[in-house]
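Okay, got some structures for you below.
What follows is a pair of complexes built around chain A, which joins chain B in one and chain C in the other.
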Partner chain A sequence: MVHLTLNGKIVQAREGEVLLSVIRREGISIPATCHHESVEAFGACRLCTVEITKKEWNGWKDYVTSCLYPVQNDLIVDTHSPAVVELRRTLIDLQLARCPNSPEIRQMAEEYGITTTSYEERPDGDNCILCGLCTRICDRMGFAAISTVGRGYGRRVAPPLDEPPPDCVGCLACALNCPTKVIPYVDKGTTRVIWTKQFELMTCTGCGRTTITRDFAKSLGESRQISLQYFEKCDDCHRRELSQTMTRIVSWQREEKP
Partner chain B sequence: MTSQFIVIPDLCTGCLTCELACSFAHPVEGKPGRTRIVVYTTPVKELWIPVVCLQCDDPACVRSCLVDALRRNPATGAIELHQDKCVKCLACVAACPFGCSLLDGRHNLIVKCDLCSGDPVCAHFCPTKALSFRPFDTGLLKATA
Partner chain C sequence: MRVESPRHLAELQQAFHAREIGFAKKLHICCGPGCLASGAADIVSKFKALLKKRHLTDFSLEAIKETGCHGLCEQGPLVVIEPDGIFYTKVKPKHVETIIDSTLERNEVISELLYREPHSQRCVEHYRDIDFYARQHRIALRHLGRISQYDIRDYLAQGGYSALAKALTTMTPDQIVSEVTTSGLRGRGGAGFPTGRKWATCRNAEEQPHYVICNGDEGDPGAFMDRAIMEGDPHSVLEGMIICAFAVGSAQGYIYVREEYPLAVQNLQLAIDQASDYGLLGDNILGSDFSFSIKISRGGGAFVCGESSALMKSVAGDVGEPRAKYVRSVLKGLFDRPTVLNNVETFANVPVIINQGGERFAELGMKKSTGTKAFSLVGKVRNTGLIEVPMGTTLRQIIYDIGGGILNDRPFKAVQTGGPSGGCLPESKLDLPVDFNTLTEAGSMMGSGGMIVVDDRTCVVDLAKYFLAFLLDESCGKCTPCREGLYQLHRLATKISDGEATEPDLDKMEQLSHMVIIGSLCGLGKSGPNPFLSTVQYFRDEYLAHIREKRCPAGVCRALIRYDVIAEKCDGCLACISACAVHAITGKKGQVHAIDQELCDKCGACHAVCTRHAIEVT
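So, the complex of A and B:
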């Protein structure tokens, strides 16, 4: 066990844990837009930056991204010191300059007292903060259909060659976990369009409701050895089927011993 | 894993107290969440079927999860969903052959029965003990058969 001081309170942490998970466990709220527990920490958004120091550092302080910094004994952490709040404000200000129309970024900026950015707004800005969470989740799920392309000012998230990505299965994990909800997708009838690729949605043979895409079901069937029959019905119909089976069993039992 | 969750549909009166108890035991943002147990009415006289996760030996939901958000808790034997790891791809909802991995559409969350970490609230509230959580008893199956 490791003992450290977090905002003046001594807390325990496991060896090898990162600061952010200790901060979250203690119920302290700091923004961390590029963080997701299912993927490794990346340190792209830098918003989880905290101030650290130690007694033997003689007043020296350091500013580290808590999602990447492992806990140490006798570490003194401050998540809301004036300097670190100012640092975070600057970062949010920069994000607001890039994505002036994103409601998520605007709300975060308002929490830190920023209404308009003090930098020049990007004229052709979209709402992507380039945190790379979508590409990392896609890699983690084993598809790796999208990636960041270009460098510097022109960097963006895109499928290879800006064509419909051959490896995409249309699971929507990228779009649903995007911190600024910027990845567009359309579900219409039995088709889904994401990254300009068109998918066919599985239709429940019982009630006609659509579930996941056929490509996703096929890929799960191959990689995880799940029978495609499992995907033919929706969860509602599966439950109803189970209750009907149980009804049959109970009524047989009742006939046997009236 | 020393206890098992037992559902005896013959004793169920369809009072839906279990659904209420489950909702209140799993609140989201301070409001009742989606229930993990669903009671179905049947055409048979005086028969209701509570449908809840069977905690399968070879679970399709765990197999289908590409980010390891679903894992079995060795202490209780229940398959638990780690909410912060879930990427909401709905693979488990589609894969479960019993439909017991549910989508809470209002809060956009996946929910499933985790046996309340070893003390199911629904079993406490069931007035007729149609739902019970008790230590393994090999004699029970013979007695009800």
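So, the complex of A and C:
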């Protein structure tokens, strides 16, 4: 066990744990827009930066991203020191200049008392804050269909060569995990379009509703060794069938009893 | 041929040395990038062709050496005739025949090709007597210009690889690490981390395997020290790396070079192949049981890939983006394994430290910054080029004694050290001894050794804007403060140079700079605002002139200047009229010309062509 001081209170942490997980467990709220439990910490949004020091550092302080910084004994952590709050405010102000129309960023800005950005708004702004969650989750899913391209201020998320991405299976993991909901997709009838690529949605043979894309089913079938037949029905119908089967089994058992 | 033992190596070194002194005369033709650009390749081929026909009795064709950068790039193409050290500058193909006739055949010196000292106009015959060279102390650059860049035999003739033999046969890895620690050598890439301590940490790391990487991703505008070493003396880098690998227990090394350095890539590969043929690289080096091989990893030329964690990602085949280094890369580096990453110049110093001992190296320079440092001296200075001086040499000595002072005797304004991450130092700091600590204290940094001198015609706002634009383009864009913060800093700097800024904008820039520094993920963002902060620290008045008076004192920021014809000086020669791309100047031959301010786009072409200095900029 590791003991450290968090905002004046001595807390315990597991060896190898990162600061953010301790901070969250203690119920302290700090933003972390590029953080997601299912992927490796990235340290890009810098909003979870905290101030750290130690007694033997003689007043020297450092600013570290809590999502990446491993806990240490005797560490003194301040999540809301004046410098950290100023940094967080500046970062949100900068993000608001980048994405002035994003409701999510606007709401976060309002929590820090910012209604309009004090910087020059980006002329060609979209609502992408470049947290990289979409690309990292896509990697995690095993597809790596999209990535960030370009660098510096021109960095953006895109499929290879801005063409329909060959490795995309239309699973929507990117779009559904986007904190600013900026990745568009359209489901219409039995087709889905995302990243300008068109997919066929499978229809449940039980209830007739559309389910996942055929490409996603194929990929799951191959990688997880699941029969393609399984995907012919939606989850609800699977559940319904299962409950019907269970009911039948129970009723057989009753009949067999004397 | 494989060298099987240190003794065999010594015999070879002696044989090649004897071959060198057997040449009655040698031609060292500089084939560094500067001289190649001004036609050195034609000079080499002309010498070869003519000498082949002439059959001079005491001249062997093998004595024509294509060497690496001599340093005095300003005067290229350079040809040196050894062993006398006669130094010819600005040589053209038409001079080749005369050089053969006079100097090679009749031992006569051609005075018009000699170097002239800028102040005294004194002709200098010999290499060693030129101020530019006489005041330098070369360790990392010791072989540049003295050996053929393509031939391992030349390196061996200079005693090359004897440090490796000494390390392998007479020293333990711990002794090597402690020798490097004693030398006080600090990383020459810019951060100045003690090399010995880095090696010791890697050596003691339990995880295996260990890797050694040489950082040749030099990307600062105006810097070419590492390039010159990789091109002109690749074996000294290899030797340093092999010694390091033996000390830290590594079997695989990488040299990361940017693709924009094709000659460096070519010469390094040639050197690796030659060293492997001689058994100095590969399995059982010098007959010992130590094996080590080196691969070249070519980068795409992204500035951020010079940052250690981004570089390692790039070597591993991923996108070169930095990661947080809360666990240092010496413990978790390439492929998450312990890795020593040192700069080209750091490795080039290692053989000398092993050969002569760490204490002797530590005697040079300052107490906390030992040895020498190579700089590329560029900008508005007479002798632009590559230099190496002991740490602690003052900026004044570098710029005036070695650099020959400011071009056209204009007043010195500032010197930018440490590239885009460094800072701008004013005249009051000219007597500052240059070392890692003093430069950082003065608000700049050592960096990899780029030194850009600017005169009074350079606007500091424009300079800060240039470096911000460079970093904005080169930032990887991963973290918010660097990507968005540098963009906003650049916008605000543009506002100042356009004369549209107010004083609160300047305060805002300073506040934002501090946030970018504490908030950014890697060194690029953490040092990105330095050019702005140092210029505003030392030249605040110039910023305020742009803001309050809407005036650019240096006459650079287009929105704030105007060009006018001084009627008394204009002789109506029409030169400016034909130079003006927007037809803003009117006038007849022999009559005073006039500039239409509405049409003028302030390009400065008229000012540049006017021989009578009749165009003023205000």
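Here is the rule we go by: the second predicted complex is superposed on the first by the 248 of 258 C-alpha atoms of A that agree within 3 Å, B and C clash if a C-alpha of one lies under 4 Å from a C-alpha of the other, contacts with A are read in each partner's own complex, and residues count from 1 in each chain.
Please note the rule applied: contacts are C-beta pairs under 8 Å (C-beta built on N, C-alpha and C of every residue); 3 or more make two chains touch, one makes a residue touch a chain.
Remember, predicted model here, so these are calculated numbers, not experimental data.
Student: So in the superposed three-chain picture, is A:202 touching just chain B, just chain C, both, or none of them (first/second/both/neither)?
Tutor: A:202 sits against chain B, while chain C stays out of touch.
Student: Should A:119 be classified as contacting the first partner (chain B), the second (chain C), both, or neither?
Tutor: After superposing on A, A:119 lies in contact with chain C but is clear of chain B.
Student: Once chain A of both complexes is superposed, is A:243 in touch with chain B (first), chain C (second), both, or neither?
Tutor: After superposition on chain A, A:243 lies in contact with chain B alone.
Student: Looking at the overlay, does A:212 come into contact with chain B only (first), chain C only (second), both, or neither?
Tutor: A:212: touches chain B, not chain C.
Student: Touch check for A:38: first (chain B), second (chain C), both, or neither?
Tutor: After superposition on chain A, A:38 lies in contact with chain B alone.
Student: For A:228 in the superposed arrangement: first (chain B), second (chain C), both or neither?
Tutor: Touch partners of A:228: none, neither chain B nor chain C.
Student: Which chain A residues contact chain B in one complex and chain C in the other?
Tutor: The answer is that chain A has no such residue.
Student: What part of chain A is in contact with chain C in the complex they form?
Tutor: Interface residues on chain A, with respect to chain C: 42-47, 49, 63-65, 68-70, 83, 86-87, 90-91, 94-95, 97-98, 118-120, 129-130, 132, 147-148, 150-155.
Student: Considering the complex alone, what residue numbers of chain A touch chain B?
Tutor: Answer in residue numbers: 36-39, 137, 140-142, 171-173, 176-177, 202, 211-212, 216-217, 220, 224-226, 230-231, 233-244, 246-247, 250-251, 253-254.
Student: Could you please specify the touching residues of chain C with respect to chain A in the complex?
Tutor: 302, 304, 319, 323-324, 326-327, 472-481, 483-488, 491, 508, 511-512, 515, 518-521
Student: Across the complex, what residues on chain B touch chain A?
Tutor: 9-10, 38, 40, 42-44, 47, 49, 51, 60, 63-64, 66-69, 82, 84-91, 93-103, 108
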